[in-house]
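Two complexes are shown next, each including chain A; its partner changes from chain B in the first to chain C in the second.
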Partner chain A sequence: MSFSQIFKIGQRWIWIPCLLILWSLFARFVHLGTWPFPSPWLIFQKWWWLFRNGSLLKDIGASLFHVGYGFSISALIAISLGILMGWNKKVFDYLNPFLNLIRPTPPAAWLPLVVFVWGIGLLPGTLLVIYGSFFPILLNTINGVQNVERRFVNAALTLGLGKRQLMWNIVVPAAFPSILVGLRMGFGFAWMVLIIAELIAVQSGLGYMILLSVTTLEPESIIAGMLTIGMVGLGLDQLFRLLVDKYILKWQKGIVI
Partner chain B sequence: MTLSKAIIRVIRLKKSFSKGERGEPLKVLDGIDLSISEGEFISILGPSGCGKSTFLHILAGLDKQDEGEVYLDDRLITGPGPDHTMIFQDYSLFPWMTVKKNIGLGLKATGVPPEMREAICREHIQLVHLEGFEDHYPHELSGGMKQRVAIARGFALNPRVLFMDEPFGALDAQTRVALQQELIRIFTSTRKTIVFVTHNVSEAVFLSDRIVVCTKRPMKVKTIFRVEIERPRDRFGVSFNEFCKQVAQVLDV
Partner chain C sequence: MIRRGDGMFKLNRGLRTIILFFFLWEVVSLFGLLEAFHIPAPHTVFKTFFFLLVEGIHVGELGEVTMFKMAKDSLYRVCVGFFLALAIGFPVGFWMGWNRTVKAFLENMYTALRPLPPFAWVPLSLFFLGPGNLTSIYVIWIGAFFPISLNTMAAIENVEKKYIHAALTLGLTKNQLIREVIIPSALPGIFTGIRIGLGMAWGLVVAAEIVAVKTGLGALIWRADLVMRPDIILSGIIFIGLIAYGLEQGILYLQGWLMKWQKGLVI
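Coming up: the complex of A and B.
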C-alpha cells in the first residue's frame, strides 16, 4: 500500500477520531439539565453491557421481526397491485385517484387512529410499516411496468408470445430494476416508520428501548440505541444492495439503485 | 412480376401519421402494391425516413395501415406472429435472458417441447457460430454477436417469412460485411423468404434477388430491379459495381 493510498483512507475516516474528541470535550463541559452529557466512552460501555446481557440483541431481533413482517406483506401487495395497475389502464384509472388521495397523509399521522382502534401491540405497528413502505414500492412498480420499452414488447410479439407470456417473460423482468428501487426505498421507509411506531404503538424493539431509557433516566442507553438503529438500517441497506448486485441483476451491468 | 405463387401480397397499402391537433396528417405510404414469391430475398431500398421501416412494421403486423391489405399465404396479416417474425436494427434481445433463452423463448411460447427446443437452439447457435456463448448475457456480447443471436432467434422459429429492418445498420463496416456473408450463407441453405429493409445500395445488391427502390416520403415503389449476378457475389467485380451504379442512379433521381 502506497503512501497516497494510506492518505486517501485517512482522509475518509479522519472524521471519526475528530468527532470522538469533540464529543468528549462537549460531554465534559455540557450538562443535560442536571445530567452530564454522556461521553463516547460511557456510551460504548453501556452499549457493550446491553450487548452482553442480551437485551440489545433481543431488541434488534424484535425490530427486525416487526420490519420484516410488515415489509414482506407490504411488498407482496404493492408489487402485485403495481403490476396490475401498470399493465391494465382501466384498473389504474379506477384506483389512482383514490391512492393519490391517501398518499399525502404521512404514516405518523395515521398513528393516533391506529392506536385508537387497535390499541398497542404488533398489529398497529405492522399496519404502519405496511402503510409506510407501500407507496414507494407501488409507484416504482407501476412506473417500471408502464415504461417497459416498446421494442421489447414488439420483439416478443413477433416471437409469438401471448398476453400472459408477455407479462411474465418480458414485462415483469423489464420492470424489475425499477421494482428493486421501490423495494429499497420502501425498506428505508419501513425502518423509519417502525421506529416511530415502536415509540408509541408497540411495546418491544429498539424504538421502545430508547423510549424506555427516557423513563429510566439513562441517556447513554438512548444514544446507544439511536446508534444501533442507524447501524442496523445501514447494514440492511448494504445487504440489500449486495444481494441485488450479486444475484438478482447480474444481467444488468452497473445498475445504480 | 413472377407467375409463381406469391407468399406475400401487398395491395394498395396506405398510411398516414396524424401530426397532433394542428397541421396536415403526414402521408407516409402512398398506395404500395407488391408481390413476393416464396424463397425470395427481396430488399426494400429507399432514402432515410422514406417510410420503408413503417412499411415493414405493417407487414410484420406491428403497425396498422389506414387502407389496403397484406396477405401471407392468402391469410390477412392482422397482427404480429411467429410465422412472420422480425429482426430489428437494435437487436432487441432481452437483456435478462442468456443467449440460449433468447433463442428459445419463441419456441417455448409456441409450445415446442423442451427436448426439441434444446435441439433447435443448439442447431441455430451453431448456424450463427456462437458455440460457447450459450449462457452469456447480451451485455457481454459485441454488436455483431448480438445480431447473430437475433438472427438465430428469428430462424429458429422456422417462419414462413422473415422481416429484417436495417439489421446491420448499427454495425461497423467490417462486421456488417461479415454478417451479410453469413446471412447469405444461411439464406441459401434454408431458402427462407426474406424481406430486408436497407438504405445501403451495395448491401441490397449483394444480398437480394430483387430490389424494390422506393421514393422519398410519401413512399411509393419507383422501380424493381432483379439482380441476376451469380452468388457468391464479388463486391469488387465489374458487373456488381455497374449494377450498384444503376440502382444508385434510380435511387437518387
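Coming up: the complex of A and C.
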C-alpha cells in the first residue's frame, strides 16, 4: 500500500492511540481531589472482570429490557396517533396545541411527579422512557403522513381504492421513511432518558450500576459502565441505521420516475 | 370562503381541548377519584404556583423558596455550561467543517462518543468534581457540545460551493470570505445546533439538580417530592416547561433578527 493510502486509513483511527496515551498521562500526573484518575489499563481490567462476573451482562440485559419495553409502547402509541393526526386535519387541530404545551418540558422534570405517584421501580422508569421517546416519533410520523404526495392519493382514489386500502397500501408505506427516521431519533432519546431514569428511579440496569460504583468508591467501574453504556447505545443506533438504510433502499429500488 | 379549519377557528379547536382537559381534571379531582394517585386539583396547583412566584413557600431543607430564586440558580448553571459549550464547540465544529483532514481525524471519535448520553457523565463528575455547581456545569457542557459542534460542522460543509467560487472570483480575501459568505450561509444550521444544544442543556440541568440536590428548579421539585407536596412538583414542572418554551422562542427570535435577509425570500 502506498503511503497516502496508509495515511488516509490512519487518519480515521489515530484518535484511539492518541486518546489512550493522553488518558494514561492524565491518570498518571493529574490528581482531581484525593482519588487518582484510573488509567486505561485498570479500567479495561475492571471491565473484563465485570464481564466475566456476569454482572455486566445482567445489567446490560436489564437496561435493554427497560428501554425496549418503554420504546415499543411509545412507538405503538406515537405512530398510531401520528398517522391519525397527520391524516385528519380536525384531529390535528384539536390535539396539536395541547401537545405543544407539553412538548417543551424536559423528561427529567416529570421524574419527581412520576416517582411521587408510582414510587421507585420498573413502572416509573418505563413511563419516563415512553415520554422521552414519544414526541420525536409522533412529530416525524405526522410529518411523513402530511407529506405524502397528493398525486399518489389522487391516483389511488381515481383507481377506486377504498379508504382502508388507501391508508394501508398508499399512505402508510409512503410515510414509512419518515416514521423510521422518527423511530431512530426516538430510540436515541429513549436511551438517554433511560440512563436518567436508572440513575434516579430504577434499581437495576447500567445506570444504577454506575451510580452504585460511586458509593462503593470504584471509579474504574464507573468508567467501565460508561463505556458499556456508550457501546450499547452505539450498537443499537447502528442497528437502527442498518434497518433504515436497508429498508428505504429496498423500497426505493423499483421506483421509476 | 372561510372554512371551519381556518385561522381563528383552528385556535378555537385547540383551546377547547386544553380547556376540556383542565375541566375534566378538576371534576375528577373534586369527586375524589384522584386521591389514590395523590394528584392535586388544578385550582390547588394554580394557587401554589402563584404563591411560589410571589411569596415563597417553605420547602423542607431549602427554607423559604420562590420560583425566581430557584430559577436564577438553574439558569446560571445553564448559562455557564452553555457558553462554555459554545466557546469550544463552535470553533471545533467550524474547523471540522472547513478542513477535511481535521474532520477525518476527529470524526470517528465523535461517532464513538456521541451515543453516550450526557447524563452518564454524572456519576463520574460526582465522584471527582463533587456535588456542586461544577458537576452540573460539566454535564451541561458535554450535553450541549455535540449538537453545537456537529450542526456547525454540517452547516459549514453545506455552504454552496458556487457562492464560495463566486466570492473568490470577485477577489475576496479569506477573512472576508469567511465573514461575508460562509458564516451567513451557515447561520441557519448553526442556530439549529444552538437550539438543540440549549434544549439539552436545560433538560440536563433539571436532571442534574435532582441527583445532586442543591438549589435550583430541579432540586425544588425533588425536594417537594420528599416533603409530599405534589402541587409544588406540578407548579415546578409548569415553570420548567415555560422556561424551556421561552428559551426556544428566544433563540428563534434571535435567529429571525440576525437573518433579516431571509424573511422576504421568494423562491
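Throughout what follows, the second predicted complex is superposed on the first by the 245 of 257 C-alpha atoms of A that agree within 3 Å, B and C clash if a C-alpha of one lies under 4 Å from a C-alpha of the other, contacts with A are read in each partner's own complex, and residues count from 1 in each chain.
The rule is simple: a contact is a pair of C-beta atoms (placed from the backbone, for glycine too) under 8 Å apart; a residue touches a chain by one contact, two chains touch by 3 or more.
Because the structure is a prediction, the values reported are computed rather than measured.
Touch criterion met: A:L161 reaches chain B, while chain C stays clear of it. When the two complexes are superposed, the chain touching more residues of chain A, out of chain B and chain C, is C. In the superposition on chain A, contact of A:I14 is made with chain C only, not with chain B.
Judged by the touch definition given at the top, the superposed model places A:N169 against chain B, while chain C stays out of reach.
Once the two complexes are overlaid on the shared chain, A:I6 sits clear of chain B and of chain C alike. Look at A:F152: by the touch rule set out above, it reaches chain B but stays clear of chain C.
Residue contacts after overlaying the shared chain place A:M192 against chain C, while chain B stays out of touching range.
In the superposition on chain A, no chain A position is in contact with chain B in one complex as well as with chain C in the other. In the complex of the two chains, the chain C residues touching chain A come out as 5, 10-11, 13-18, 21, 37-39, 101, 104-109, 111-124, 126-130, 199, 202-204, 206-207, 210-211, 217-218, 221-222, 224-225, 228, 230, 233-234, 236-237, 240-241, 244-245, 248. Residue ranges of chain B in contact with chain A, taken from their complex: 60-62, 79-82, 84-86, 88, 90, 92-97, 105-106, 109-110, 137-139, 153, 157.
Residues of chain A touching chain B in their complex: 151-152, 154-162, 165, 169-170, 173-174, 176, 250-253. Here chain A touches chain C in the complex through residues 8, 11-15, 19, 32-33, 35, 37, 89-90, 93-98, 101-102, 104-113, 115-117, 188, 191-192, 195-196, 199-200, 207, 210-211, 213-214, 219, 222-223, 225-226, 229-230, 233-234, 236-237, going by the rule given at the top.
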